[in-house]
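Chain IDs A, B and C follow the sequence of writing; residue 1 opens each chain.
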């Protein structure tokens, strides 16, 4: 819950910040097309960094408190799932920090990569866009600290959640081991220069990684193929069923045997009926007599 | 006996006027148009004479062989008024076809006289005489345009097949006479013994003869050829007037002497009705000639009228009568439109000739639209009410099979009416047709269209009149 | 007897069409003058119906403004009247008609006079359907509507118009003739065709199933329900824009209205009996037809199929037989009337400019026609049933009703909502966003004034009732309560009766 709360601030900050960047790049969303504009967009740059720091859980920023709290409590559960969760949590925190920094570095540092727009045309977003950013940045910086006690404090007298959240088992009030508390922030902090190195200084490594693990890279760049999976499981069959119902059921079945079929049948009968009329009197007389004798026979038989 | 002659003044008057017109035509040169106009006037006068009769009472004449009651008067009124409208609408057509001769209207009048006798007959012999009188005139009328092969052919066909059916009919009459000892309807009904096969035979023979006259399937074979071959004015007459008389005889014959044998004849009538409805609807779809199409459509409509008869109730008979009255109205309107398809003194009668008709003749096509939808039985036109009363009577007797078959054939027949509408409204336009319509034609068309369209405003009147007809 | 306000509603368009008929056809400004006459009459009619709504008392469930005159002696009376259910449909009709008359600006290039006459005749017939209180009168108006619609599709339609017109006409006629038999049968069973009396006395349950089926055959075709829906896409695609608007907005509502008024009202026991049938057909319509809609490459066809899916919701809601379900269905119908009309108009706007209905000939419209993109967006979202649009209220209530009866049904139905979002958004994406590939599109202008007027006058109620559905719900609430009460009463007495049977 706490994380959701703080998350709101820095995610909103990041979104608006990137919106500001995208705006100045004239609606360019691809970060590969950006770079090196931090001097041009100083406020945005600063604010983005604050957001990123908060997101990655940099010590003393809001994300730090909330995220670490999750990891710690997961650890504190003490069972396998808890350890597992905390390990995964730490690992993802690392990854998060790398990719967030990648965003910052690629966007604001390095070489200017946009061919369409000249760098000179870059300019800071108008004030209207910046003010909300600043407000959010303040939130991202300090909410963690200020609301820590309120939300997750052990000893808070004013129990904010009271009974709205039920724990399955009471949490142990022990403090987690010290290394757990410091581990995450440390690797997060360490990851900053690491990703700077990766994405700005030496692109060869990433390129090498990319080339070496092509399938994996593709897998990752396509978001684990989730979209394709959806496409494969839901969209394609839906389309197929749609076409089937349209072409086969509607047109080939209902229409063929329904209106069209009946009208064709009627046309066939009508042709027969027309041909029936031959124009020869003897045939006419014969049919009359035939009908007449049929009627008689019927009446005699019943 | 002689006091009662005033009840048959209409018949006497019409026979006298036939003779008068004949004399006039023979002795006065170039009296074609005079005779023609006179015959219309005489018909209207006859109409007035019928109205002059006490309509409500039941009067038997000539040893009960001739009956005049509300039913017969109503049918006579229908016959004569539709006959006069046929004459009114078709004068210009006859002139252009150069068959505007004295014989034409005289034959028409004598045929009407025959029908009046048929309608009032209460005796097999009288009925037969009336039938033959009208048939003989019709044979001639069918081949009236003698220079045209088709017309002569149709006359001949009609004559031969009609002779066959008349033979059957006469044989049926003699059978019935043999088994009941009388030709009078009332005595027959008293002496009837439903178990005897001879009587059943007799009924079937007579029904076949009558079915031929109203062209019910499978005794309809003459209709399309004759309708197509005859001059259009005669086709109109064929499509409308003899049906009234034949239907009346049908009703009287089934409901007066043989009502007790309903088990035997009901199934026959149902068969005739279903066969006519379905066959009429199916065969009409494939037609290219409008007159032929009308032939099949009238076969279908007769099927509906027979469906009403098959119920064996007053209500069924009344619904049949309503049906045929509205049917007459619609056909008069339809044929008036046919008479308007004239370009440079040539009449067109193929369906394709109507292509894009609405563009140049919006009002006529509007009336045609109304008439066709009415024929198809789509509300709120009069044709819907005709079918509605009919189905009301049929469903009352729980004859659901007949009702549903009838309705399905309505849907099928809607197809070919729609096809005509499609050709009129949706297709590419052709050359304009002449628009010098005679007043009589305009009158007929507008009157019938308005009646069809506005019937729904006050539908009770016709029902009220018809509901006074109680056969059983 | 007060002023016969309903009859005048029915008659006024007819009078207007008579006027148009006698407008001289050879003068140069025929088009203008006949259009003004049509607009004038339809607007007057709209204001009368608004006034009617104002007069309408929504605290009683009885029929109001009843007119009862002898028509077929001793058999059928000309009886009209409205309750909360019908008045909304009348309003919808009178509201849509002037809009569709304005909308014919570009799409009808010839025989405008006849078109206006057809539309006006159609309007009066539809109003007649919604306020008739006698089965025969109902049938009369119900079937009569076929004629103008046949002509509208056939004369002013696209290339395959003849096939579509015939299919439409014969399909629906076939459905309705069975209903005619049933109506006559009802007359002989009960001795009346007066709906109010039939409500009171009820129909013997022995006959109900068959009669219900006969009515169903007609309504199912008109709704249209799967599998008798195939006329609809054809008819829609070929009809001119104003025709499609009329067809989608009003004609499709006839059957929904008929289900509520007649199937539920007259045959409660049969309705209960056939509920599973309706559920399954509705679900098929919702799910599979949505998928079919997804795959269409013709915009009009897509919207037509989406109409089938939406009507699936309506039938589902009606036969949940809960207050919410039926209310939802009615609101859904009203909303669909507005939204689908608007969507067809949106397609019509594009079609008028480029003469193509294919989705892939568009793309990137947003940069050329921003105003258009906005309204199209609103209606797309309303068709999906986004909260804040009237579509949401309808679908939500229907699902709420369905959840009370059958959770599985409701779950499958909610699947349809997702599909709806899929095909509508995809359509929107392909048409409005994306790259401008088609060179022709560069030239086309944005909405003109009359188009803006029409679309916004449809958008405003869509949004208004999305946020504030109270007026609608208040109007229908009592009538529906009454209907459900009657229904429950019937069912329980039927159960009692059968229980007695078992004991004996």
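What we mean here is this: contacts are C-beta pairs under 8 Å (C-beta built on N, C-alpha and C of every residue); 3 or more make two chains touch, one makes a residue touch a chain.
These numbers were taken from a predicted model, which means no experiment stands behind them.
Peer 1: So which one's got more C-beta contacts, A-C or B-C?
Peer 2: Looking at A-C and B-C side by side, B-C shows more C-beta contacts.
Peer 1: If you average all the Cα positions, which chain's own average lands nearest?
Peer 2: Chain closest to the assembly's C-alpha mean: C.
Peer 1: I'd like the Å distance between the centres of chain A and chain B, where a centre is the mean of that chain's Cα atoms.
Peer 2: 78
Peer 1: Could you grab the centroid distance between chain A and chain C? Build each centroid from C-alpha atoms only and quote it in angstrom.
Peer 2: Measuring from centre to centre gives 38 Å for this pair.
Peer 1: Rounded to the nearest whole Å, what is the centre-to-centre distance of chain B and chain C, using the mean of the C-alpha atoms as each centre?
Peer 2: Distance between chain centres, rounded to whole Å: 43 Å.
Peer 1: Multi-chain contacts in chain B: which residues touch at least two other chains?
Peer 2: Touching at least two other chains: 415.
Peer 1: At least two partner chains per residue is the criterion; list those residues in chain C.
Peer 2: 166, 170
Peer 1: Among the residues of chain A, pick out those that touch two or more other chains and give their numbers.
Peer 2: Residues 263 of chain A each touch two or more of the other chains.
Peer 1: Please name which positions on chain C make contact with chain A in the complex.
Peer 2: Where chain C meets chain A, its residues are 166-167, 170-171, 227-228, 230-231, 288-296, 419, 422.
Peer 1: Once bound in the complex, which stretches of chain C touch chain B?
Peer 2: Chain C reaches chain B through residues 25, 70-73, 114, 136, 139-141, 143-144, 146-147, 150-151, 154-155, 161-162, 165-166, 169-170, 173-174, 177-178, 180-181, 184-185, 187-188.
Peer 1: Going by the contact rule at the top, pick out the chain A residues touching chain C in the complex.
Peer 2: 238-239, 241-243, 245-246, 249-251, 254-255, 258-259, 263
Peer 1: Please output the residues of chain B touching chain A within their complex, sorted ascending.
Peer 2: My answer: residues 156-157, 160-161, 164-165, 168, 197, 200-201, 204-205, 207-208, 212, 217-219, 221-222, 224-225, 264, 267-268, 271, 279, 282-287, 412, 415.
Peer 1: Could you list, by residue number, the parts of chain A that touch chain B in their complex?
Peer 2: Its residues touching chain B are 263, 266-267, 269-271, 273-274, 276-277, 279, 281, 283-285, 287-288, 290-292, 295-296, 298-300, 302.
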